[in-house]
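Labels run A, B, C and D following the written order; every chain starts at residue 1.
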Amino acid sequence: MNPDRAVLLVHGTDRPGIVAGVSSILLDFRANILSLDQYSTDADGGTFYQRTVADIADLRAERPRLETALEKKLGGELGMTWTLTPTSERKRLAIFASKSDHCLLELLWRHRRGELDVDIAMVISNHSDLAADARQFGIPFFHVPVMGDKTAAEAEHLRLLQGNADLIVLARYMQIVSDDFLHALGIPVINIHHSFLPAFIGAGPYLRAKERGVKLIGATAHYVTKDLDEGPIIEQDVVRVTHADSAPDLARHGANVERQVLARAVQWHCEDRVVRDGNTTVVFR
Amino acid sequence: MNPDRAVLLVHGTDRPGIVAGVSSILLDFRANILSLDQYSTDADGGTFYQRTVADIADLRAERPRLETALEKKLGGELGMTWTLTPTSERKRLAIFASKSDHCLLELLWRHRRGELDVDIAMVISNHSDLAADARQFGIPFFHVPVMGDKTAAEAEHLRLLQGNADLIVLARYMQIVSDDFLHALGIPVINIHHSFLPAFIGAGPYLRAKERGVKLIGATAHYVTKDLDEGPIIEQDVVRVTHADSAPDLARHGANVERQVLARAVQWHCEDRVVRDGNTTVVFR
Amino acid sequence: MNPDRAVLLVHGTDRPGIVAGVSSILLDFRANILSLDQYSTDADGGTFYQRTVADIADLRAERPRLETALEKKLGGELGMTWTLTPTSERKRLAIFASKSDHCLLELLWRHRRGELDVDIAMVISNHSDLAADARQFGIPFFHVPVMGDKTAAEAEHLRLLQGNADLIVLARYMQIVSDDFLHALGIPVINIHHSFLPAFIGAGPYLRAKERGVKLIGATAHYVTKDLDEGPIIEQDVVRVTHADSAPDLARHGANVERQVLARAVQWHCEDRVVRDGNTTVVFR
Amino acid sequence: MNPDRAVLLVHGTDRPGIVAGVSSILLDFRANILSLDQYSTDADGGTFYQRTVADIADLRAERPRLETALEKKLGGELGMTWTLTPTSERKRLAIFASKSDHCLLELLWRHRRGELDVDIAMVISNHSDLAADARQFGIPFFHVPVMGDKTAAEAEHLRLLQGNADLIVLARYMQIVSDDFLHALGIPVINIHHSFLPAFIGAGPYLRAKERGVKLIGATAHYVTKDLDEGPIIEQDVVRVTHADSAPDLARHGANVERQVLARAVQWHCEDRVVRDGNTTVVFR
């Protein structure tokens, strides 16, 4: 863990001088740029996106001065939105699960292997089935039943999450979260949908995939917005199936895709590789 | 080209004795079974599908007697639908194209290489752009403009096709064919749709894919039915794209998938590997 | 679990009448054939392979009589090798692991989910790191250190395995097993190699892949023979990498491929879908 | 075609200030940066690679002054290697082919579609089979037979190529080119090898793939160096095959991969996306 390493994300209306502005400030702070990816949506007047990873000498001490310089140039002169995130500041995840174990276990396992460089603050579930799994990996598990009206459950969720999480991951949580809840949370929520969106929006995608006779099935990780399955897509993948696969076979094959897709999306989000662009995403890989 | 080789397709309501019935008749005719694939949709009372490739001694002379035996057993006793197709009887294709060359050229090229073992009877187009390409490959080209009412064009199509084709391939023809036309044709029609169906049904799929921000784009080859883009799917595939790809980039990457998917679907159809199962397909590969 | 369901594998020198012979015997025993795949390596005098899944009325009671009939026809008249395996007779696996958890956990997890329909008899390791993981899944764990000469360890392995396993899976065991040991075992051994064989045979494939600058890395599951990494391949897959991936990144991406490839190979073996054909395999999917 | 657009490639020993140096010069020249990708092999003292696409106001007139400024900063102060290539300066390709048409046609076809933004100066072949194909696409075709000693043929090649080509593409040319020839040419040569290198180096890869029983076959596009099949890899891909595929089937499936892989590699090279890094490549996509 390099205490001097940080990720700088910049986006906003494209105009001349942004790359030069950023790089000259970084040079002033004796930063070593490790990678820089820049992308503009259009040659004329589009949106500008830049992700820079740099080692900045004595980052902890210099950070206030650096942020002042960045804000003056990027926020002030150039009108850009920017964030500077030291990679040593690990994001805190809260994972929501239900009864299916595959997405949850994939995240817990990658976390234990050191592949997912975050803190997993807690697992919240409307069922108790996965309590032992979470605890085996040393993660606190909270059982919050959801019955009828969700108000009580969402209040309990907020109580648990307040100040403890930077990202919510719905790991096949199978419950719709309310717009009020999203608003009250104020942090990003990533969901895994078990189809290749926008095909098979809504419930029962594997059964509908079987009925439609598709030859590939997929999974989609996306940010949750108030419109079900309509949020910005972060990652998708598919796997080949045949006529001989039953709907349960599709679900089984699909589970393998779901856990890979969700794990990649969460990892990219936590490495500050994903920027929302309206209802789409820019993913710097 | 082995004159004794044939493909036998059998399907119908599953019941005991079908495999034994077929194989004992083939044994009586001193057939050498090269491959046999059998699939039932359900352990109890589902639908039975079987594809058998066999070398049958002196097929040309024995065919009437063999067909009589098969009909007695399969059609009569077991109530199955069946077809016996000597592989030396090449299917006759008519390809409909418009202005895009990629799907047409892929088919013409594979045909010339000997990969697509069919006769290409003609290319029909509502534009004249691809006339030189078709003729370079030695294939007759007919320009049938379509204006306003399609009745006249479809009448001309029928006149050209009558008795000359066993399969129509819509190679990015971009025109909706009428239900009456399909009915009058009485032969299968395969279309390539430039999206991963059922996502992006209808017009402009690449633009809509760009707007939705999908991370994979695809193509779907399907039999044409009266409901647009709703027919049985034969083959699908996808390719990865990124935020940096514009809608024209998606179209360009997608074109590569379209031509591969269509070529595979046409090849499998012509090798008698595809059986319709309601609105889905069984594809024996 | 259907007690009447069985898988019949038949292979040997191709000759007329095998399919008919099998299917007429199955018909005599009032079997319902669920799927049948047959493949011959050559039109003339090649090798014949057939896999049949059937529900056989009262299998338990009828099995001796059925096996007598099959042996008379297949073993006697037609000179074929055959096995009949009720699907209710689950194979017993012994998994060898070392320090890496990913392949072991994938197998234990799929087993718990009911995807891998086998009994996992034990985990054997030359290190104790994975003891808690195995036990969390309720599987006995034996720590058998290997130092210098392997004779003592292999003797202990044989003692543990004798009569308790039908298949050995080397889940990144990282130790060469001796030819004598393979011979004494007398059961199949499946290994996962962390490269796309035959590229990067031997040690350190990810480092060598980095040095060679390949754009895809892969994994290979194969039966173990006395020649290292030369046994019959069951399954392979790859994942795309870039110049920006370090050798540890390749190992991390590769681990995901390894566990999927090994899990598929083990599953297919346990479903009697794999037949060895010299140094290659026929895999009925 | 934007006459002001250029690609700037910079590489060399990493040191502080390169990104800032480039971007401040570009800002001085009122350039609009469209995309910038930067990659360093190591945090400390590795190699630095940067690809920048920019629209530079009045590029044609300003180019000498811009190049002077870049050389002073990049070549002089920072010791970097750099190239500035206006995208309006299309690279001139010479394609070498033999009897196989698939790779040649893919390139000619993409060129005609406007996907491959280059000039194809000529096709050279040791056989005359593909003359009509090349000429149909309006490309000069030269038949240069190769018999026994290659000296005469290579002299004729050099005579044809001298001053007329920026890149040689061996589109299944199937002849080894001599080290002297490579040296005399002084321009890059891209070859397509019909296997997933480093597996199956040398002749007959599909037959050897069949014998080894691999489950995927691949193709590799690489720069040609004096060591056969050992040059820096630009792109690779694979396709799934089964036991039922004969060696000719593998060749047929592989041909589809070959042409896609070669076309991508040529396109990336011609878009100045590929930088050699010793015996590997950095590919900015």
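Operating definition for what follows: a residue touches a chain if its C-beta (ideal position, glycine included) is under 8 Å from a C-beta of that chain, and two chains touch if they have at least 3 such contacts.
Everything numeric in this text was worked out from a predicted model, so none of it was measured.
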| item | value |
| --- | --- |
| Same-interface partner of A-C, chosen from the options C-D, B-D or A-D, over half of the pairs matching | B-D |
| Chain of greatest Cα-centre distance to subunit C | D |
| Between subunit B and subunit C, centroid-to-centroid distance (C-alpha), Å | 36 |
| Rounded Å distance, subunit A centre to subunit B centre (Cα mean) | 42 |
| Where subunit A touches two or more other chains at once, by residue number | 35, 39, 244 |
| Complex contacts: residues of subunit B adjacent to subunit D | 35, 101-102, 105, 109, 113, 115, 136, 244, 252, 256, 260 |
| Interface residues, subunit C side, partner subunit D - complex | 39, 196-200, 211-216, 218, 232-238, 242-244, 277, 279-283, 285 |
| Residue ranges of subunit D touching subunit A (in the complex, touch as defined) | 2, 14, 16-17, 19-20, 23-24, 26-27, 30-40, 43, 50, 55 |
